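First chain A sits with chain B, and in the next complex the same chain sits with chain C.
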Partner chain A sequence: MTVLAPPAPTLLEDLRRRYFATPLQAAVSLFSLAVIVFLAWKILNWALLSAVFTADGGPEACHAAAGACWSVIAARWRIILFGLYPFEEQWRSALACVAVVAMTVLSCIPACWTGRRIAAIWVAGTALFYILMKGGIFGLAYIGEEQWGGLALTLFIFVTTCLIGFPLSIGLALMRRSQLPWISRTTGIIIDGVRSLPLISILFTFAIVLPFALPQWLQGDKLYRVILGSALFFSAYQAEIVRGGMQGVPKGQEEASMALGLSYWQSISRILLPQAMRNALPATINQFVISFKETSLVVIIGFFEILASGNAAYGTGEWRFAYVEVYVFIALIYFVFVFSLSRYGAFLERRMAVGER
Partner chain B sequence: MNGPDPSQAETAAIHIAGLNKHYGAFHALRDIDLTVRRGEKIVVCGPSGSGKSTLIRCINRLEEHSAGRIVVLGTELNDDVGNIEGIRREVGMVFQHFNLFPHMTVLENCVLAPMLVRKVPRSEAEALARKYLEKVRIPEQADKYPAQLSGGQQQRVAIARALCMTPQIMLFDEPTSALDPEMIAEVLDVMATLASEGMTMVCVTHEMGFARRAADRVIFMDKGEIVEQAPPERFFTTAQNERTRQFLSQILNH
Partner chain C sequence: MRTFKWGAAALALGLMQISAPAHAEGGKTLETVKARGVLNCTGHDGSYLGFAEVDDKGNWKGMDIDLCKAVATAVFGDPAKLKIVPISWAQRWPSLQSGDVDIVIKASGGTLSRDTELGLQFSMSYYLGTTKVMAHKELNIASLKDADGGSVCIPAGTTQEQQIAAYAQKIGIKLEPVVIEKTEELEQAYFSGRCDLYTQWGPVLAIARSAKGKVEDHVILPDVIAVEPEVMIVRQGDDNWVDIANWTLSALLFAEQEGITSQNVDEIKAKPTSPQVAKFLGATPGMGKGLGLADDWAYNVIKKVGNYAEIFDRDLGKDSPYKMDRDLTNLWNNGGVLFPLVID
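Showing the complex of A and B:
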């Protein structure tokens, strides 16, 4: 005798069962639906139907309209994206953004994960960014770091923070599990110390206080000190995430690799870290996302990253009323980057799940 | 007699003299003397906590010994990392819980150490791996991941992985204890084949059938000491020590 599966419910039946089973449920469903439709209409009306899109009419056209004033973006997008970067040279900043994004995307592709390729991509990417932004050679006009700003600065701070902070975090995690107590304890104190401080105070220390302590030739530009501080902060948190991932790898894995004659570094790089990073992946993506958004804190040191540039874009008199539109625009930019990062994390998780039952 | 004899240190596969091991206040191994000739097969048995696993884990320095002397294939085990890595290259080990690398396929598990440690080219390492997978009778699983295999298959892969380093000595640390009963035979068969081909083997196991079939000598340990050692036929029939007889009656009569 064959047992037939019950017939799949039709869409209508399914809806009735899920949302209209009892009179109370029906009432709640209808009310919620009304709220959703109302909000959706309001947002649609504000954002698109009644909105002003061109800057031709100036702020006055916006005052007349009931909807969003996207004119401020049309009029001020260059300040938002490029900050204080000189107007005629802003194509360089745009290209530099492309270089950083291309470098990030390339290093996310599994085919590029060999030591030589990753190194080539990173060196080429950062060099390209630096030359484009700073100039002073190849006929490009010199533009100092204090004039960098907007999206390019945000991306640069984020990517360099990760490039420096990530290897540092692995180093710290390995040192923290060292069998030599003076190494593991010292590392533990460093990690806990950095984690006990607010990021703002670390940035402030690196930007303002460090120059008093360091000789002139070691100081570098304020920007690079800020990046170092931010990388240190990132690595303290990430080190604990990596260590957690390492604790999830059974002891037998290392014993097996040692018994096969692998050296310490072979065992770490081929056996321990791949498995530890797989365990640590969700928390790692989390940390990257947080760090991306924390780049906005560099404004206290006087850098006009994208959020601060946005403030400047509407803060000059005539567009003062259109701050919501500016923030929505910036939020969208953040969203594009962070959401891509999350989706990439999900892809990695699927890819790394091979071999798990 | 296999007592400590300095002249054997150079020629024996494994020469252990006056070995002691402490974990804090716990005395895990007491004055162990043991010499294993080349080609000899030793089965080590004893109750849980008797130090038998600790003993064979000292042989490839997964555990550091506190006192005494261990010479493996003429090389003394000391703090010299070169010595340790040299010995590990020549001594294969099979663990109770297989310890296959879960993020690599069976084939990658097998070629990893030959390529990294012995610098064998990939094509050659793969040929070697397929040969040993054939030997443990699972060549068709080469491209699967460990989690896709049964326990018995995983343990056979672990044996093949160790053999790919072409070791001169194989250590087995309770290789069948984590297996379902129906899979024990397939692993023991592979081990018996290996034994018949002249591999030097030290096996910690409670499989007394295997001991009868393959061992040259059975060692009984209790409380960190070697209590008794004898060829299997004598060990099972005329054990001298009361503790040995008690242990044998516990594992044989049930």
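Showing the complex of A and C:
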């Protein structure tokens, strides 16, 4: 005997059941709908219908219009994207951004996940970025780090922070699990010490206090000191995430690998880490997203990352009133990057869940 | 956030006190700058309207930037030999002490603690920053005395908060304070009519008024609540470098006083109006030697950057979007308090 499934409800029935079951429900639904439509209309009207899009009319055209003043973006987008980078050379900064994005996309594709390919992609991508931005060879004019800015700088700080911080975090996590108490305890103190300091004071210390303590030849440019500080901060948090992942791997796995005669490194790299990283994935993506947003803190030590560039973009006599539009534009850029990052995280989770199906 | 910044700054300064002697350059700033080939001067991490902002092509401009250019021109004869280092407020002093910048020109006032505790040295004042009050035109307020019982928008956590209270008490009126942290919100509150008055550092006030596009709807009252002299700031212990800062400013003011502009400086140099002017422009020797500069350094500054009036008009005054009055920041013979030192 077969049980007949109830007939699938039509769309109308479904709507009625969900939103209009009782008079009170109907009233609440209608009211909410009205509010949503009203807000949507307001936003649409402001952002598109009554907005000014070209810079031809200048700020005066915006004063006359009721909606958004996108002409500030049309007139000043180069400041937002490239900061103080010399005007004639900004194509280099644009190419460098493309290189970083391409590098990131490539290394997210499973086909590239062999040690050699990943290494090649990262070395080539970073070198390309660095040569394009800094110049000084191949007939490119030299442009010092203090003139880097905008989106290119934000991406550079984020990518290098992760690039240095991620391996460091795995090292720290392994050291904290070490059998030797003096290694595990020292690592524990370092991790907890870094975690108990606010990021901004770490950045400030690396950028401004370190030059007093270090000899000239060890100082390097302020930008790299800041990246180092930010990578240290990243790795302290990420190390605890990785360690959490490792603790989720059953003890028997490691014991079995030892019983099979695998060496320490084989057991770590083939048995422990792959499973640990799968456990740690959601929190890891979270940490990446946080780090991306935290790049905006470098503004306090005088770097022209995208938020500071935005401030400079509306910070002139003519465009001063249009700060909302500039912030909306920057928010959209952040959104594109962070949203793709989290969608990629979701894809990875599905892919790595293969063993659990 | 703000406490973090100050905490970090205090930490940095504390460490600086311990290790500063290792980096003190003892009267050698000019040599260091010349050897490096560029002057490192302060910019802003973003934009500070009228004083340091960025044009469409990413070049710095503004009153503070032009003064940086003037100092660079005095040293090198070329305003392009200048590197503007973007720097936040909290970072000003550590950056100066660590040698990141050679001079701080960043709308910063000369105060007792900066002078004595932070080991800094000031030039003469290049700008008189006054705290003033703006009112809606339709309220018909001529001076703050008429505003008894009115509400006033005040930036939170600033000295203006105490200054306006003290001033109101002094002239015997009562004001209802509306204290707001962020400048954008503060202005929103005033322009939407939530406050009758808005008190702020003068330039920011004038700039806020011009940004709304309706300058004539708001009056800036004649009451001066407080005055802050803005100065150029260098490390303590290098007299020659302070002299260069002072004489650069003096040259800009002297040129204005004598009517020498970037347009007519060549004619006047060819036919000096007085022995003083001849020496000033390097037509006769003596202007540069004692400072360690070329004899025609002042000529270069006026020719390539302009005199004080030209700089002011271009960045804050009538040729800028802000249309600010010279007010106290004028020469002594025009009702202001600025004056050049004597060239003998």
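The definition used in the following text is that the second predicted complex is superposed on the first by the 355 of 357 C-alpha atoms of A that agree within 3 Å, B and C clash if a C-alpha of one lies under 4 Å from a C-alpha of the other, contacts with A are read in each partner's own complex, and residues count from 1 in each chain.
By our rule, contacts are C-beta pairs under 8 Å (C-beta built on N, C-alpha and C of every residue); 3 or more make two chains touch, one makes a residue touch a chain.
The structure displayed is predicted, hence computed values, not measured ones.
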item	value
First (chain B), second (chain C), both or neither touched by A:Gly252	first
Contacts of A:Leu180 with chain B and chain C, given as first, second, both or neither	neither
First (chain B), second (chain C), both or neither touched by A:Leu332	neither
Residue contacts on chain A - larger count, chain B or chain C	C
Partner chain in contact with A:Leu24 - chain B first, chain C second, else both or neither	neither
Contacts of A:Leu12 with chain B and chain C, given as first, second, both or neither	neither
Partner chain in contact with A:Ile208 - chain B first, chain C second, else both or neither	second
Which superposed partner A:Asn311 touches (first chain B, second chain C, both, neither)	second
Touched partner set for A:Ile137, first chain B, second chain C, both or neither	neither
Chain A partner contacts - residues on chain B that touch it in the complex	60, 62, 85, 88-89, 91-93, 95, 97, 99-105, 112-113, 116-117, 145-148, 158, 161-162, 165
Contact footprint of chain A on chain C as seen in their complex	1, 4-5, 7-9, 11-12, 15-16, 19-20, 22-23, 43-50, 53-60, 83, 85-88, 90-91, 94-95, 98-100, 184, 207, 210-213, 320-322
For the chain A and chain B complex, residues of the former touching the latter	250, 252-253, 255-263, 266, 270-271, 274-275, 278, 352, 354-357
Of chain A, residues touching chain C in the complex	63, 75-76, 78-79, 82-87, 146, 198, 200-201, 204-205, 207-209, 211-213, 222, 299-304, 308-309, 311-318, 320-321, 323
